[in-house]
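So, here come the structures, one by one.
In what comes next, chain A is part of two complexes: it sits with chain B in the first one and with chain C in the second one.
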Partner chain A sequence: MNRERVGPEAAATPRKSWRYRLANMSWAIPALVFLLVFFVAPLIGNIVRSTTEGAAVTSGASIYYQKLLFDSYYSGVLLQTFKVSLITTIACLVIGYPISYFMVRYAGRWNTLIVFCLIAPLLTSIIMRTFGWNVIFARRGLMNVWLMGAGLISRPLDTLNQPIAVYVGLVHVLVPFMVLSITSVLQGIDIGLEESARVLGASRLRAFLSVTLPLSVDGIATGCILVFVLTNGSFLTMLLLGGGKVTTLALLIYQQFSVTQDIGFAAAMGNVLLVFALLCLALQARFVRRGGIKT
Partner chain B sequence: MKNDAMPAALVKRRAKRDPAALGLGIYVVLFMTFLLLPIIAVVVVSFSASTFISFPIQEFSLRWYERIFEYKPFMNSLLVSLQIAVASAFFGVLMGVPAALAVARSHSAWAAAVANVLLAPISIPAIVLGFSLLYFLSALAFGISFLSLLITHTVVAIPYIGRTALAVYRAFPPDHEEAAAILGASRWQTLRHVTLPMIRPGIFAGALFAFLISLDNLPVSFFFGTANTNTLPVVMLSYMQNQFDPSIAAMSAVQMLIAVAMLLVVDAVYGIERIMTAV
Partner chain C sequence: MSNAVRVKLQGISKHFGTVQALKPMDLDVEPGELVALLGPSGCGKTTTLRIIAGFESPDTGNVLIGAKDVTDSPPNKRAIGMVFQNYSLFPHMNVAENVAFGLKMGGVDRDDRTRRVRDMLELVRLGKFEDRQIHQLSGGQQQRVALARALVTNPTILLLDEPLGALDKNLRERMQFELREIQRRLGITSLLVTHDQEEALTMSDRIAVMSEGQILQIGTPTEVYERPRTRFVSEFLGTSNILSATVRGEVRSGIWAVGFDFDPQAQGLVAMPGPVATGAQIQLAIRPEQMRIAEPADGSLRAQVQDVVFRGSYYAYEMAVSGSDSPMFLYSHARLAIPADRQVSLSWSPESAIRLSDLT
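This part shows the complex of A and B:
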């Protein structure tokens, strides 16, 4: 989503002797200064804050980090965060890949409609989407009314405030990013390669598994990392659909800020979340060679 | 895209609609229902007459739309949100586009580093960004003000605009600009008459994205909540935690309408096809 290629494509252009350059580097100064002051500096400030505020003064600078890593409750939250992000990522991949495949191979004129359905949720607020699942999963919500009307259940199901509601909400918000990531890579794969495998006697499944799937691994990686990072940072879905059953790091930061007001601890949690995000980005830079996806 | 190179047998098989494609097609329809269902559900509920959410809906009314126009915090925060969204997109363009032009065609390590800084705010969890900026800006005596909120949203807007501007600018060869320069155009003339018209879809797309993201940016705005700086999502969240009536649905529908209207305006001005290809 955010990695742009800086360089390699230009190395291949033939005329290198004289290239007109409209802008010089000084044009970047306003944005650069703005971001150094209001983006980089605050993040550094946050690192300082996590080691100099509250309990860090009396019990040692790393006290909050020790608490996060070694206190069984907080290490449980870290693990939970990882688990939720992993499950959401896998769910988005499994649900989204066939959609991408259909869009590229079969959709034809329906493609526009599918793209519209993928983009439309972006025009609605995340509160609206979460509220929508509330409406569907509530005791007297759509799902229970339908299921009871169809005679499939006799008593309303308690879906709301269960982990499953959180996962459905997360997948709903994030699966378009996965589909768009994979589609942009699948589009670049020559259909002739799969056809050749078929002509040479491979079954449909075999042709897909050993030709198309490996070629689309860049899109899969981009999409997975994107969804993983975005899930790590989500708290609204857990807050409104989880009923306190799914506590992740981002939700804990929200709670620390709005309830406990332990600023140093919230800062430390933010930094751990930041390290997660940076690790994912490093992974992306390492493994995904073919640059940015289209969203 | 490779129709003419496609084996004839394949074309025939496709025409016959093989079962795999059909199965996949049914799955895609289910998937689209999944994507749209919660949105449709909210719109339906917003027209309900009852004070709680219950299906099937007995009676329809517009009372919740009246309610949101009467409830001051909703309207005030909507105004704040719109101002912030427009202003942050504007300042994002003002800083992001020149920076994108500066680094797009340079191959130095410097340019690569600047491009990374330019795009980095997207990759940082928004909640961390909001939290850090709150304390940073408070220490700088900006406090919790409209300006603080604007600065924070501009930090988020820059990468969205920079990203699309970079992508579109890189897709053009430098030939047009070279030609203009050879023919004696000044840097400013080249920028105004050649470069900007070329990359305008990218700028529009980026600004539209930044606007939409800002309008819905709860994790960043949440930290700057006071009576004067509450944005719509922040007010909606706190309302939702206390009450569960359909006015949230009505407000959501209005917000969606604003986003759609925005999209239509951009479409009328510039054409959605060109915007979408830029994104």
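This part shows the complex of A and C:
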């Protein structure tokens, strides 16, 4: 009864004053300060360094970038980086999607165990996991001993220090990201959708291709971009398993630091890699929003 | 449609792990008939439907659609139309694409497809909604798209899994009639799964009441409502007054007098065909709307009004029966003018008291 006398205007007054809003925003200050000091400032420093140090002083500010894009060796490395990331992403997708599908549709109570198996390796250092492959792939390593013991090969295979070892190592490390991205989307797809497609005359495969797959595009896109960006930034796997056969931008940065000590060039490469990553993220934001399906 | 088929379940059973979901069961659905599987959750009604659809395979028994044994056919080879509980419409397709899906899978060419989709959407009164996205539709409209999608392929039978469960009450009642009308017009053999007794009573030609993996009783809505065989059936199809009684003797041909344990003075009349042994213990079910109130007289059940609830189209009276712990219910269209402390007598016509087959 009281409310009627006060009138609707009183009820419509926004309760949040500017003071309230300011107080709310102040909670973000510690995080903002942290990011400014340890993230934004170093990034700016990196940009400055790439245009003012080493060769940039004598041969012009953009010399490192010109070298990266137009020198055939460096543009080859850029292309190689792109190729490695693309192949790794496709391999992760091909391996990861069936795992996700199995987890969501058939695993039931085993699901938790599978998730644990996927996450547990992430708790181990990437160096340890990569060295593990070293042990397996080495000339007298596990793989060769077993294969020769089984009589399948007569001479040890030369797997280590080949591109294949790098791909195996990368996929091993990155496949959980793909699986988890796809699983989260698949879980939201009602199994009834596949069943109604089946009842309407679709075979198992057709029901999957025309219903489940298009609906899980979001998860695929997220997983692919995640794996792609992470591969772009990896250098340990190439360093430990590639034996110099697979040179990517990230590995080159590492070498600029530890071998040639050309800090300015390393900074320029870092920035190019950063632009790569930002492009991917922009692509993802666009893709997922467009393909986003409201149920 | 004159080519309606018969559906036959022969000795179907199914267990999940250690749970016996379905005890060996037979069911015949006549061509063009709509049979409702009615029961509480976990009674096996959905399992039965999923076995007919082919999503589950039975441990024993056969499923026949028409003359064809489909027990081992996959769902896509059964030519079934099905409406799912939450419709399961494809969210990445618009209305027309959803309805056309089954035709596309069946290899119907584009022109034919467009024409049949249009006709079917016309039938479910969604003629102008072809290009709408699914999430732009209301619940009732989605329900109709689901129905159109299920029917457009001219399926041999129609399966409805709680088709109206997600709608609000008003819409649900309207859709019950609409769905029934469309099913009759097409003359398609149909099975409806529901836990809503009102829906089953309104929509079906026959109701199969299920509990714990078995069909307890099957018959027309009037039969199962008015002549329930067991206490479960009687209570599941609405409120029922259940009384334990002892047979005292035949009063006149087919009408028997019974006494009640809680009040030795009282006596009631029950219509029972065939000879019944005097002294036999029986269970009676009487619908609340069959109960009458009269001035107290010798040998009648005495009761007092305990509570009255207005239910819109009737008043529900909770009566405290003298000598008995459990109250009895009485529904009346008019408000009864009885003071709360007044003793009245409860009675019923002998024909409305049903002897249940449960043992006491």
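Convention: the second predicted complex is superposed on the first by the 266 of 295 C-alpha atoms of A that agree within 3 Å, B and C clash if a C-alpha of one lies under 4 Å from a C-alpha of the other, contacts with A are read in each partner's own complex, and residues count from 1 in each chain.
In the analysis below, contacts are C-beta pairs under 8 Å (C-beta built on N, C-alpha and C of every residue); 3 or more make two chains touch, one makes a residue touch a chain.
Predicted model only: the values in this text are computed from it and were never measured.
Asks: Name the contact category of A:L215: first (chain B only), second (chain C only), both, or neither.
Replies: In the superposition, A:L215 touches chain C alone.
Asks: Would you check which partner chain A:G192 touches, where first means chain B only, second means chain C only, and both and neither mean what they say?
Replies: Both partners, chain B and chain C.
Asks: Considering only touches as defined above, state whether A:G151 meets chain B (first), chain C (second), both or neither.
Replies: Neither partner.
Asks: After the superposition on A, what does A:R206 contact: first (chain B), second (chain C), both or neither?
Replies: A:R206: touches chain C, not chain B.
Asks: Tell me which partner A:A277 touches in the superposition: chain B (first), chain C (second), both or neither.
Replies: first
Asks: If you stack the two complexes on chain A, which partner ends up touching A:N232: first (chain B), second (chain C), both, or neither?
Replies: Only chain B; A:N232 stays clear of chain C.
Asks: Is A:Y101 touching the first partner chain B, the second partner chain C, both, or neither of them?
Replies: The first partner, chain B, only.
Asks: Considering only touches as defined above, state whether A:A267 meets chain B (first), chain C (second), both or neither.
Replies: first
Asks: As a test of reading the superposition: which chain, chain B or chain C, is in touch with more residues of chain A?
Replies: Here the partner covering more residues of chain A is B.
Asks: Determine where on chain A the residues touched by chain B overlap those touched by chain C, and list them.
Replies: 190, 192, 195, 199, 204, 294-295
Asks: Please name which positions on chain B make contact with chain A in the complex.
Replies: Touch residues, chain B against chain A: 2, 5-7, 10, 14, 20-21, 24-25, 27-28, 31-32, 34-39, 41-42, 45, 53-56, 94-96, 98-99, 101-107, 110-112, 114-115, 117-129, 131-133, 135-137, 139, 151-152, 154-155, 158-159, 162-163, 166-167, 170, 174, 177-178, 181, 187, 190-191, 195, 212, 215-216, 218-219, 222-223, 232-233, 236-237, 240, 244, 248-249, 252-253, 255-256, 259-260, 263, 276, 279.
Asks: Any idea which chain A residues touch chain C in the complex?
Replies: 190, 192-193, 195-204, 206, 210-211, 214-215, 293-295
Asks: In the complex, go through chain A and note every residue touching chain B.
Replies: Spelled out, the residues of chain A in touch with chain B are 1-4, 6-7, 9-11, 19-28, 30-32, 34-36, 38-43, 45-46, 49, 95, 98-99, 101-102, 106-107, 113-115, 117-118, 120-129, 131-136, 138, 140-142, 145, 172, 175-176, 190-192, 195, 199, 204, 229, 232-233, 235-236, 240, 250, 253-254, 257, 263, 266-267, 270-271, 273-274, 277, 281, 292, 294-295.
Asks: Help me check something: in the complex, which residues belonging to chain C touch chain A?
Replies: Residues 53-55, 74-76, 78-82, 84-86, 88-92, 101-102, 105-106, 135, 149, 153.
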